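Chains: A, B, C and D, in written order; residue numbering restarts at 1 for each.
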Amino acid sequence: MSAWSLDEAFVVALARTIADREAVFHGFASPCAQVAMHVAKRTHAPDCLLIEGATYAVDPVPVFVPPTGNDLALHRDAVYRMRFEEFFDAACRGAVDRMFLSGGQIDGYGSTNVTAIGGMPHPKIKLGGGGGGGNISASIGALTVWTSRHRAGRTLVADLDFLTDLGHRTREGTRAELGYTGGGPQWLVTELGAFDFDDEGHARLRALWPDVTVDDVAAATGFALRVALDGADGLLDPPSEAELAAVRAVDPLGVRRSEFADPELARTFSTAAVVS
Amino acid sequence: MSAWSLDEAFVVALARTIADREAVFHGFASPCAQVAMHVAKRTHAPDCLLIEGATYAVDPVPVFVPPTGNDLALHRDAVYRMRFEEFFDAACRGAVDRMFLSGGQIDGYGSTNVTAIGGMPHPKIKLGGGGGGGNISASIGALTVWTSRHRAGRTLVADLDFLTDLGHRTREGTRAELGYTGGGPQWLVTELGAFDFDDEGHARLRALWPDVTVDDVAAATGFALRVALDGADGLLDPPSEAELAAVRAVDPLGVRRSEFADPELARTFSTAAVVS
Amino acid sequence: MSAFHLGGDKRVPLAEAAARVGDGALVALGGGLCARLPMALVRELVRQGRRGLHLVGSAHSIDVDLLIATGAVAVCEESYVGFEQDLGLAPAFRRAAREGTVEIRESCCATILAQLRAAEAGVPFTPVRGIKGTDIEGLHPEYARMTCPFTGEELVVVPPLRPDVTLLHAPVGDAHGNLHLDQPFVLDERFAHASAQVVATVDRIVPTAELVTSGVVVPGHLVSAVAEVPYGAHPSSCYPGYAYDRPHLAAYLAAATAGGTALDEYLARYVAVDEDTYVKDVDPGRLASWSESTAAWQELFR
Amino acid sequence: MSAFHLGGDKRVPLAEAAARVGDGALVALGGGLCARLPMALVRELVRQGRRGLHLVGSAHSIDVDLLIATGAVAVCEESYVGFEQDLGLAPAFRRAAREGTVEIRESCCATILAQLRAAEAGVPFTPVRGIKGTDIEGLHPEYARMTCPFTGEELVVVPPLRPDVTLLHAPVGDAHGNLHLDQPFVLDERFAHASAQVVATVDRIVPTAELVTSGVVVPGHLVSAVAEVPYGAHPSSCYPGYAYDRPHLAAYLAAATAGGTALDEYLARYVAVDEDTYVKDVDPGRLASWSESTAAWQELFR
């Protein structure tokens, strides 16, 4: 019998959004995505091109995942390191297939706010900022959006206070109307469930974690819930032994756990039953 | 008593157009300019920033000047080599102070044709082409233009068959009208004499080699000659011992001589008298 | 004469290096996140009471936050300011944004890159992919939109970005200002080429021949001054010398979050003093332990 | 799936590498002047009877001239084609220009660079400094002019340049297509990033670990095929292996200038044969003598 925690399964779910032979990237301050990419590389996607966040190293084997994203532990002995401009050019011209994006707010079209709660120029809470997301969310092949802060009810919102990164639609129109060829958000994974995006580019609930109900999700979600529960291609299925081993090997310090509120970290599961 | 040849004095004259603490560059296929830059660096302009032609090496000490411009002999042991884009960016933004330019045709405003005798698309003689001149002649601080083929009468012309590199004026107008901040041609040195450019941006004969008359120059020049013979700031004065020694040390193969017709190579001078 | 910085010995004391930054200057900060930040220069700017700075950079942390905390900043044009998931939001930055004491002109990495390249290439505008349709665009009245003459599509175009000075820290440099950095270079190269001058600190000045073996990344002709300041990037990392000082960063964050006396005490102890005193106090030599073993390296992050 | 070329062993025979270039392809040539030209690939394209190529590059010589001489080229968009002051004008290029058998779309180095950068950055246009007012502009109906929205000045703007394939020769590479080059890189890096694929020859395939010590300049994910072809740049130089073969270049020029039988004989002897036979014939090992002494090096150029 195998047992695992929500943070482990969450990282595995993110990893499963990566297809083999994709070029994938995560932004900084994103340990769950960062760990997920290395898990994918070590399990089902060995031939993905893994671009290691703020180091821009290609397919490195981290000594371990440290809690800061521009650290030698992430890229020592890498065969190749992209330059900053090399990565951003590749992303802007559409050569990068997938990026992971999160946000303090996420709307129904998968656009995100990582700039300011309360909006600008008078923010209630100034968030860190978008890095390069405002550019490359336009052109990257597909986006995996995630949040580990769904339950609190302030993250998935009907209207963003500020639109930093592009989902399927902005006030100015759709991606096609804006002239963007990047595919936009493909998956939205939260600590409550997994969404994809329908033909209108709107999030649609496809799967729940074992200890979550649709009502839980509805209560925590600011936009009208669209539901098509069908398992979400198995994203939230129990992690394999190989996947769990990879999570633990890649992230011995548990840096991924910094993304979760304490009660979420207490959620554990096993092959026999949900143990919550 | 010192003796020297025209090709040696010619290179020294080009060298003397370089001021100390300038950033200077020569294009490929320009051995006279190439040798001149290293002569300047070893004599009166030790603190110039010398960008070695098609190698883009900064302040290298060539083992010798070979007859091809992208050769390791030119830049082995250089402390720093610019990238291609680094040089062209610097030149385009105006950070390079001087460039040497020549041409199969040169007009009275110092514009040059290195593309085609007879013009395009039906050239009588297709020349090699302009390299980066069409861009960077616009923005580099000052240009030293030279030709070793003045006497034949086909080089200094009233009208270019094709304008490759920008002098002080094109059919479209002046540099100022075109919006170019580079200073344009400052000197035009030939195997007959030295010109500067007057307030209208037109070439003006300032000095003659000792064995040349104004009539010789007029006969070889396709545009109306403007003359203000005053010695041209000493450009054509006899080379110093140090200058001659530098020419011979930099260019032991005599690669500079490939620019001249045989009769010009026979021209020799001495401190006592012209020996022609 | 040249726009380049030619010749000679460019070594200066730290105070003189920082003095190249005038009040109100457009200042680019090298390094990124908590790595290779020009912290000794930042501390010296605070000591010298610099005011009205316009900061530009990609993703930064304590460098920007400390300058804001001490009132040195008028405009902040970074793509991110914070301490990642590890230590969280940047307290002085957050407070200044809320209170409106600093103009937050948040930007995006690839947009800043495009603007630097326009400056490098000497062109007055350049198009960028993305931004259009985001609210970032609205923070920048200096941007415009243009229609592509070839495809008919509308893109955001941006003006060149030409910093007055770029502040860099490198592990090694020589007396002429040639600098060796290890990757990731972040925007250090682009800043260096687009700026009027680079002012650098290095952990060690070495002979040119030794530097050439490592590789010159930023050439001396872009650098107007270089100061030897051991541990000049602390508390950010500068491998192979030293890792990120997590306890020190946490102490700064606690002080800056509390503000008032707590912040004053931090500043009095770590900023008002000279760098020799600083180094004796913070003892960054312990951060070299990363190279002893994986366990020792991990220990620095627990 | 990815626009990058991922994974696996990319080693192929030379014929297969050259077969990646289709008739009519937009082909970027690496190296410059008479250094590090992809000559084995050029010869193989001639053997395979390729037609209608659109060549783009900065300053080139025998690579372009030989392709023109054998009828492989429809459009020539180089900034220079020739043999410098040493050996003079390019004979096949000159003849084709006069006779109008190749469209000469002469370009400028910094313009090509700007177009490659636009391709790299995924934008459909970019302004360039210069060109305006020259007759080079008139050779390019695909350019336009635009007024800067910030300064009001009018500049030439150019579309992106996205080669179908870049042909590179490098001294060493590994089985995954990672390549090490020495400087000057010329436009090799920019071509590699802007192109749909890079096809490379290398003098030696080495283990990845050995390559990393030298430094990977062009990463394998840009490279679709790599062929080990010793002396693959001959008669251009590829240091540290071999210098420029001046007698061979002079022999080519004599043959190409004469045309007819003389050119046929050159092609029969040096191009119609396989590369092993070619190397045995030209004996490029003698060009390693450059490293013996300055006198020996100079001797290669007399």
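Keep in mind that, in the parts below, a contact is a pair of C-beta atoms (placed from the backbone, for glycine too) under 8 Å apart; a residue touches a chain by one contact, two chains touch by 3 or more.
Worth saying up front: this structure is predicted, and the values here are computed from it rather than measured.
The chain with its C-alpha centre at the largest distance from the centre of subunit B is A. Two chain pairs, B-C and B-D, are compared here, and B-D has more C-beta pairs in contact (counted per touch definition above). Once the centre of each chain is set as its mean CA position, subunit A and subunit D turn out to be 42 Å apart. Separation between the centroids of subunit B and subunit D, computed from CA atoms only, is 28 Å. Subunit C and subunit D have CA centres that are 39 Å apart. Annotation for subunit C: residues touching 2 or more other chains are 110, 117, 121-123, 128-129, 153, 155. Contacts with at least two other chains are made by residues 88, 92-93, 139 of subunit B. Pairwise chain contacts present here: A-C, A-D, B-C, B-D, C-D [touch as defined]. The touching residues of subunit D, counted against subunit B in their complex, run 32-35, 58-59, 78-82, 84-86, 89-90, 93-94, 97-98, 100, 103-104, 106, 108-111, 113, 117, 128-136, 138-139, 153-155, 183-187, 189-190, 237, 239-240, 243-244, 246, 290, 294, 297-298, 301-302. Across the complex, subunit B is touched by residues 1-4, 6-8, 119-123, 178, 193, 208, 211-212, 216, 219-221 of subunit C. Of all residues in subunit D, only 110, 114, 117, 121-129, 142, 144, 146, 148-151, 153, 155, 157, 159 touch subunit C in the complex they form. For subunit B in complex with subunit D, the residues that touch the partner chain are 28-31, 54-57, 63-64, 66-73, 75, 81, 83-85, 88, 91-93, 115-116, 119-139, 162-166, 170-173, 178-180, 252-253, 255, 258-259. Note for the complex: subunit B touches subunit C at residues 19, 21-23, 47-49, 58, 79-80, 82, 86, 88-90, 92-95, 97, 139.
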